[in-house]
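Below are structures written as structure tokens.
In the two complexes that follow, chain A is the common piece, with chain B as its partner first and chain C second.
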Partner chain A sequence: MSHILNYIDVAHRCVKCGDEMQDFNSKISGMSKIEELSQNTTCIHKMHPMSKLITTLVYVVTVISFNRYSITALVPFIFYPVILMSLSETPYKPFFKRLLVALPFSAMAGISNIIFDKEILATIGGISISAGVVSFISIILKTILTVFAVLILMSTTKLTELAFQLTRMKIPSILVLQLTMTYRYISVLLKEASTMFTAYMIRSTDHKGIKFKDMGVFLGQLILRSMDRAERVYCAMKCRGFNGEYNRTCSKRINLKSYVYMIGISSLIIIFRFYNFSMLLGSLWG
Partner chain B sequence: MSMISVKDLNVSYPDGTDAIKNISFDLQDGESVALVGANGAGKSTLLLSLVGVIKHKNGTISIDDLELSKKTLNDFRKRIGMVFQNTDDQLFMTSVMDDVAFGPRNYGIIETEVKKIVDETLVSLGIMNLKYRMPHKLSGGEKRSVALACVLAMKPSAILFDEPSSFLDPKARRKMMNSLRDLKCTKLIATHDLDMALEVCERTIVLKNGEICADGKTKDILINELFMDECGLELPLSYQHIK
Partner chain C sequence: MHMADALLSPAVGGVMTAISVGTLGYSAYKVKKDDLDEKKVPIMGVMGAFVFAAQMINFTIPGTGSSGHIGGGIMLAALLGQYPAFLTIAAVLIIQALFFADGGLLALGCNIFNMGFFSCFVAYPLIFKPILKKGINTKNITIAAVLSTIIGLQFGAFSVVLETLASGITELPFKTFVALMQPIHLAIGLVEGIITAAVVTFVYKMRPELLENSVSGKAMRDISMKKVLSVMAVLVVVVGCVLSLFASAYPDGLEWSMEGVSGTAELEASGGIYDSLSALQEKLAFLPDYSFKSDEDGSNLGTATSGIVGAILTLGLAGIVGVSISAIKKKKKDK
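Take a look at the complex of A and B:
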């Protein structure tokens, strides 16, 4: 009887271990989700990368340029990610997951405003709204909008295309290379971590993740293995003529549709920057 | 005319250990040569030094009278391609198309021509259906074919293969062997798969502790049980069955 119970316990542990490994591996494969989305062929994906890059830059700079108490003026800017995500058939879930990584940083920055900026700006239904709360909401809104804009750009444009357009914009090639290599090696690092984690969990007794006492060795080995792997990838790149920058001798020209997209959306963004359409609509009804 | 010529090649590891000792051999145009040896014999080190990834201490490596040096490195690598043992090290772009185009783009070929080369290469290997796929989502056999396509797209005169049949199931291995046989360029194939060496290569070079201990007809070398045993190897499986 005790043998049977032992087997059940071992089987239970294996299932638990398998679940954890699957969870870890699914998280890793989720990291490449945005990259996979850039392979789609919707009308937004087909736009010239330069037009998308410039439009995103205009959008991000404009959103950031609003003062810290602007909330209503930012409302029309919500349409940009919503419409683009709909046209590019991009799912919301992976974006929200990535947003959750960025939000705590903005929240931490915004909380200090709530504490120190206590001037009352408005009273709604007997509840006083301080300037700190307004600026907190503004910071969070700006974070959501800018993060979504960048994620939309990445999910509709291949990284190599983006890198090439950045070099065309005279961004130093060393910076562009750093960006692309970092992005590329994240997946290399994660693959190594996944393999090591699987090997660890198979031999682990309690299957509760990596023990604190093993963490140092695990991370040290991870760095060594990923450096070794990165070296091999770099060798393979050198063997195919890589000399430090992604080369594209000639890129497709910006077509009329892409010009219309870039100029049209950028113009709308600038108009929304200088005219508060939320207030205008409100005053019409008021 | 000798196609690849290696003379008195010596390679050391950073810790000073000699990995390759006084190696000399010539590869003729269109020749298929197997490079066999036990683990640690220096096969991969030799291949990497032939493409200038590992610097040699002394000796000369040349292809069609172009000698490998810092100045000629780019031109040299255009003429000699290398397919790595682990395809994950070789495939790093977001799509098969971009990965195959990586080499030609680096050599300044115009984009319209690059696209043509990519299509031609994929069609020649029968993997056009993989063109828009993500390399890391492919099967082992598909990855191996794409890795070969990446090198073929650069139209090299010679290709070095590091364990081309590793990680492959029997059918994928057979497909890879057929692809190797169909290739007209000069091939140097480092492998433990002695049956593949028997089928694909007419000549074999045996390495032992960084030195060449045999260079001759594949069949003559690989069926010599005593010699193979001395080199830390075994007879090919097909011959073990006969025995």
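Take a look at the complex of A and C:
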């Protein structure tokens, strides 16, 4: 009987730590989701990585160059994510999930504007709108647009291709290698950590996660395991002729389509920067 | 304390990116010069991934019931040395920005500076290393780790305040912002410092050579404190000049902090550059000095309303465009 009770207890703990493990797994799957998306072959995916990188930079810089009371002028910029996501057949759901990560800090700054900036800017239909509210909406809008732009770039471009472009831009190869290797090993080490975590949870008497006093040993163990792994990785790389450089044989040149994409979209972005499309449309309507 | 793109102005983002890129370039050069790159690359890569995994593990903070996780700057510096640690943190932050929307593309410069620079190039060489040079033991490791983590985080948090205010996006007064950020990060720093100490002590007990190598490491032999300090001094001056230049161009950015310092909100700024810059700003800003406020005659009300109507129409249009593209694509596929 005590045996069975023991099993039930262990099973119970497994379920308990299963909840906590979700966090691990969602992070792993979240990352592979974006990587999966980047394997597609739509017209946006086929564009040269460099043209997409430059366009994204132009877009982000333009969006954040608006002052803090801009809303109507920012709204047309929503065309960029909408059109690109439809063309690249990217689903919205994973993006919104990530938006939740980015929002809190921006929201905090935005809310402080509502509190401190109480000047009334306009009264519409008897409701007075303060400058703080306007800037709050503007900050949230900017957050959404910038987060989406970066996620679109990553879900239509493979990290390895982007990394190769970085080396062509004369970014030191050690940094680029560092980037790609870290990326590659995140899921490996997350699995390692999650195995250790499960083991810890099953052995622990309460189910409240890792105790503060065990944190040093736990993370220290993880470090030693990581270092051992690194050693093995190094030996394996050395066996395959690694000499500290990032080698790639063929380099794709920017084709005409990509030039057209980059210049076309960038100029549209800049036009929208100086002409308020919303106002134009609104005045036509009225 | 990740800065977001939405809270930055292009000028602040650009300046901080330039500073971080410079520091990254120098670190890459140092790692390469010391001939460490080949062997360090896999270790750095895997350790970067380690930071990710470690950040996923929440621990319960005793007495509070809340949980926290580590940042890892000092830990990496202690085990890898400052230059490789800086490169590693940068890679972690870049991946966080690109794949997890934690921080932004343009905010990367700020984030690398806030979280990497201060722990790797200020707290580690000026606090952590000197203490451990006196002798590596549990007591010294604990003091060094806690002190350097707290100080690194305090600098980082203060730098977040300055960058946000200089961007002029938030209305938060300087004093309130500082009073909010510094104590929070003091608490975070204390907890993180204790954990860092525990981890480093554990690693030291298991593999003493790892810590000994990086503290007395041959890689760091040629860096004197003087050099670090003078580089810092130059950086401070450069940052100060650039920030003040641009602060006068965008007066609303630093005005609150000025109020706190000098008692007046406005710096007396005039002259050719200032005038032309503000004229440029008027042209660039779509609502120059909040054009749709002030007048009570209702003419501006009209502009505001048409703006809102236009924005709603634009949203609708964007939606229609998106749906139709998807529909067309689907139709093509079905064929």
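Here is the rule we go by: the second predicted complex is superposed on the first by the 186 of 286 C-alpha atoms of A that agree within 3 Å, B and C clash if a C-alpha of one lies under 4 Å from a C-alpha of the other, contacts with A are read in each partner's own complex, and residues count from 1 in each chain.
In this text, contacts are C-beta pairs under 8 Å (C-beta built on N, C-alpha and C of every residue); 3 or more make two chains touch, one makes a residue touch a chain.
Note that this is a predicted model, so its numbers are computed, not measured.
Novice: Go through the superposed model and pick first if A:R229 touches only chain B, second if only chain C, both, or neither.
Specialist: A:R229 contacts both chain B and chain C.
Novice: May I ask you to decide whether A:V82 touches chain B, chain C, both, or neither, giving the answer as first, second, both or neither?
Specialist: second
Novice: Which partner does A:F218 contact after superposing on A: first (chain B), second (chain C), both, neither?
Specialist: second
Novice: Touching A:E36 in the superposition: chain B (first), chain C (second), both, neither?
Specialist: first
Novice: Once the structures are superposed on A, label A:F242 by its partner contacts, choosing first (chain B), second (chain C), both or neither.
Specialist: Both partners, chain B and chain C.
Novice: Is A:A131 touching anything from chain B or chain C once the two structures are fitted on A? First, second, both or neither.
Specialist: Second partner only.
Novice: When the two structures are laid over each other on chain A, which of chain B and chain C touches more residues of chain A?
Specialist: C
Novice: Does the superposition put A:A193 against chain B (first), chain C (second), both, or neither?
Specialist: A:A193 contacts chain C only, not chain B.
Novice: For A:L57, select first, second, both or neither according to whether it touches chain B, chain C, the two together, or no partner.
Specialist: It touches chain C, and chain B stays clear.
Novice: After the superposition on A, what does A:R184 contact: first (chain B), second (chain C), both or neither?
Specialist: both
Novice: Which chain A residues contact chain B in one complex and chain C in the other?
Specialist: 159, 184, 229, 233, 237, 242-243
Novice: Using the touch rule from the top, collect the residues of chain B that touch chain A in their complex.
Specialist: Per the stated touch rule, the residues are 48, 51, 53, 74, 77-78, 81-82, 84, 86, 88-90, 92-95, 98, 102-103, 105-112, 114, 132, 134, 136, 150-151, 154.
Novice: Write out the stretch or stretches of chain C touching chain A in their complex.
Specialist: Chain C reaches chain A through residues 1-10, 13, 24-25, 28-29, 31-32, 37-39, 41-50, 52-54, 56-62, 67, 70, 75, 79, 87-88, 90-92, 94-95, 97-102, 104-106, 164, 168-173, 176, 194-195, 197-199, 201-203, 206-207, 210, 284-287, 290, 292-293, 300-311, 313-315, 317-319, 321-323, 325-326, 329.
Novice: So in the complex, the part of chain A that touches chain C is made up of which residues?
Specialist: Contact set of chain A toward chain C: 20, 23-24, 27, 30-31, 34, 56-57, 60-61, 63-73, 75-76, 78-79, 82-83, 85-87, 89, 98-99, 101-102, 105-106, 109-110, 112-113, 115-117, 119-124, 131-132, 135, 139-140, 142-143, 146-147, 149-151, 153-154, 159, 172, 174-175, 177-186, 188-190, 192-193, 197, 208-213, 215-224, 226-227, 229-231, 233-234, 237, 242-244, 276-283, 285-286.
Novice: Can you check the complex and tell me which residues of chain A touch chain B?
Specialist: Checking each residue of chain A against chain B gives 32, 35-36, 38-39, 158-160, 184, 187, 191, 229, 232-233, 235-243, 246-252.
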